[in-house]
């Protein structure tokens, strides 16, 4: 239940206010150079408190590798990584101890499990995504070896849509904004919401280039379907599109089909998949995030006994989770593609014969 | 790779123009009344050739149960079901034998597996969804026992959006239209496309009522994430929304949060899940389907040798796959919920103790 | 629950007295020549009623492939196979309808599932192993491509142990006897038991030659552990040994360790695995089968209501299930090795790079 | 590959000479009292260096819980446990850096993964079993709630067989000896081997009492088959027997069948399973362990380049791994039974209805 993937598996653990969070990444081929500085740099992209657009909670998110790496190389055994929690202030949550925060998982966890870990989001906290980023970083190292690159950025904030798409710009933007011309307006939307003790949503565009033809396993482990699961499983995600997605619904077949030429596809409405298998084109996914449920306006809710209460949240929260969500979408896409690359290895009997030559 | 689910698993087989398609549904609890007439009626909803809005290919889609049922009850052993193909005309495909149809999986299957089953879509044909519907029908019988009902209908065709939602109307509509007032215009859009040798897309709204609180397994088998995978895995699906989905991106947190009252949630922007777990509200999913890729206009493509060719498709195809897709979304939702209901059984130690009483 | 394997998966269905039994084999690489005559010949080795050493129940066990093969080659999609039951005489079981046969699964199935499929063994019948043999035959075809051969034979019947091991002899022996000199005595033991309305047990020796180094996935999908599961899961199996097995327990470390020389291992006490991974030596497994529980002597049992009854079994049963079990052990070993060969493909990053060359 | 179980899953990590070993146990129902002192006491039973019958390597094996427990109760989220390595002396292995130790996994790991973690056994070290014991301890706490007790002891050492079986005695015996009368001779066999720089093997008897009828999932997750996998996967295991095991092969069916009486089974040749499902009787498993491969006599081997070498092992090793193996077999049995108990929860539709009552 806490494991993602089939051949490359990420199993995560940890609560936002427990001792530590972490993961075991299993299935990494032996001999991969494990660049620890790169893993940390990915975590730094996700860590909170970098700018005023984010939550004030500061976490170093220092990752420590406990196993699976020897003399700088993966050994083929499980790679365990741990991040100790250093800045948990459970006190912030004393006043919500017995309440359910609207838009949060408090209500469902309590009813499912019969108890309440009231310290922040507990297991359902977005803090857990740090473990995904750590695992995703190693998946990226694998993908780099076969020429696959993953990038992301925000293509919409509070309804303000990007019109140009510039992944290089997003890389250095505090907002991860894809459109340099819309960035200012998008930032203001976030800050305005923050000032109003409210929050905004947004959309992340994530893409993979250099993907070989053939990744994805029909019929129940399709590339697009698993990407949809991967993205929808990120906290606050509410919709996922592949390629043109919603827009393709409004086209005629004659407009939406990507013509095939000797030089490749003439267009990429499909977003790089056909029949659930990569077609060699750029993989394109859009993930829509709802506005952060943690807001500082009074809200109507109930307590564990079912009595109506007005909730006044304290603590430190992101006015727009989408910003820090971008790197998480990259991690999830990397995990999916690396898993698919491994699963795809036995697709032809000739490959099997090549790897087991008979003397 | 051809298995869906964890505790209730559906494994399907078969190609559109092979001998048969079918499935094994494993994990059905013993003692469930297996209503074969109901299973067949679900298949009848999906079968082609019922109206002029659909493909002319006629298939009886008669399902036969081979195992797992004794004296009308499930026995707890795997239920195998088979549907023999009776109306396959492989000849229809003679002229596309060496070509890749745009928008189809021909190209990716050929490159992945190194060979081409040119008889229709082969394994990637939407015909395979009959096996899902058969399995989903049994899942529905399970869900009925615990009070869960699943319904669906088209909320958009060729950009024409439903404004009223009437699931009872959809049940008897040839188009599965949710809005009786838009039905006429939507039908015309389909017929116009058909006449133009083109195709249109659309959106299916699927919902489950009566879902208990607690279904969904954090963090990597969340209810919403698995529904996203289930729906995106259906042929031609390009986007999936949970609850308000895309629209929630444009709201502020204060608008999007569902307030909690002693009587339940005051609204249902979330679509029935919080933190990946059902919250007792109606589960709402929208699945966006691209226009059918099989159109009868000339299209630019290449052959297996890479030479440019103009493709002139023949055969029988749906001008709008969404119509017959609706019942498939129901089947997938039923499979997901039944799986989740079983997985959820060991969530509390008290449940374990109740089922294993010590003398 | 009815699926075996991880990367190559066999899902079986069917009851001994239902319409059909069969399987879906998923994960077979594309391009494998599917020799249907070979598959049938393997089923013929297992089918009942060939000699007086076996049950009188006659089944043709004609296998039909429903999917996954096109123009004689595997397509990479699931291969469904079905065997229709033609000689089920449920009447034979009328007198045991409400009784539990000692040594059988009647008792446990009834208590687990709350109902009783009294027609023979139902799902727990050894008839199901025909589906394993069908799947195993295709696994053997895969293994043949990489130089692996599997053989088996009986090394013990009713306590009479083989002293010479001759797999070629076993191939043509009605008893699958490995030792031509003991065959006669072993046959007599079987016939004597038959005459006494009793049954005997025995031991099958199964081996694989040509296995490359490296198959087996530490730590929880070890080659020897999965072989143990595979063999112990066959009806009537009660013990499994790898290599010297029980005998190795009586040796000193200095005697039991296989010395390593530049030409390979100096001995093979280990039976071809070290640390759960194949070491290039012959894989050797012994499976111990109890005497057939179906005997025709009066036995003490109870009925469903818990009343004591004397059971007088009728019907047709093998006096020694081990004989027909040999080919089943081969099938299981083939499934395990083929699965392991596929899983092993991504063990080194260099292999991944080789299969995804960048232009 | 490093995950054991289906519904209750144990994923382990770590090498003998790395920073830490540990595990994630996922699927524990919420509300279970987590007795940390008990977990530590189980680890203490396994830890090395307690007596002169064991290796001189001393490890505290202090376990730390990182997640999944709140206010002393399991929360339903993954329980991560870590044990830091404190006494690793990699220097001990300097002289075997480029050699393959006979009977060890050095050879197979090197060939599979292409590199050599020469510090002790690396991942293949028996040290990893500490993680199993930690996970197994929590499984035992679960089982205790439903009345299941697991015990073990040595029923054979160096060929010296127990004649009386006394689990209470084993609990307090340094050797875990089941037979107080044979204990002395068995101890001497171990000490003699130690003095001779050699090692001995032995057999562990493990049993579970109080097991309800119905655990085990036919046909490919049978209780006996999974127990066989669980036990055979422990380092140095070479054979597994269920119930009478090998001995049942020598009986007639009329002797081996357990008669059924209104008061229960008249005997327990079967060892508590029928058709792969628990029958309410005591579960009995015997695991045969080979003599420790690490011996201090000169041994013939090769180095990585394939040159012949005489190996002179140094370091600290158990003369008889079976002693510390007993508690590991208990852990594995506990994990299997707890997993099966959870899987079994949805076996009847009535149970589903009971847990999801409709208002």
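For clarity, chains are labelled A, B, C and D in written order, and residue numbers in each chain start from 1.
Everything below uses one rule, namely that a residue touches a chain if its C-beta (ideal position, glycine included) is under 8 Å from a C-beta of that chain, and two chains touch if they have at least 3 such contacts.
Keep in mind that what you see is a predicted model, and the values were worked out from it rather than measured.
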Which chain lies the greatest distance away from chain D when centres are computed from Cα atoms alone? B
B-C compared against C-D, more contacting pairs: C-D
Intercentroid distance (Cα basis), chain C paired with chain B, Å: 37
How many angstrom between the C-alpha centroids of chain C and chain A? 44
Which whole number of Å gives the spacing of the CA centres of chain C and chain D? 26
What are the residues of chain B that contact at least two other chains? 1-3, 12, 27, 30-31, 76-77, 109, 112-114, 123, 218, 343, 347-348, 350
Could you list, by residue number, the parts of chain A that touch chain C in their complex? 7, 27, 29-32, 74, 76-77, 142, 145-147, 210, 212, 218, 341-343, 345-353, 355-356, 358
Could you please specify the touching residues of chain A with respect to chain B in the complex? 1-4, 10, 12, 100, 102-105, 107-109, 111-114, 123-124, 128, 156, 158-159, 193, 196, 198-203, 213-214, 216-222, 224-233, 235, 237-246, 248-262, 266, 269-271, 273-280, 288-295, 297, 299-302, 306-308, 343-344, 347-348, 350
So in the complex, which bits of chain C are touching chain B? 1-3, 9, 11-15, 18-22, 24, 26-27, 30-31, 64-68, 70, 73, 75-80, 82, 109, 112-115, 117, 119, 122-123
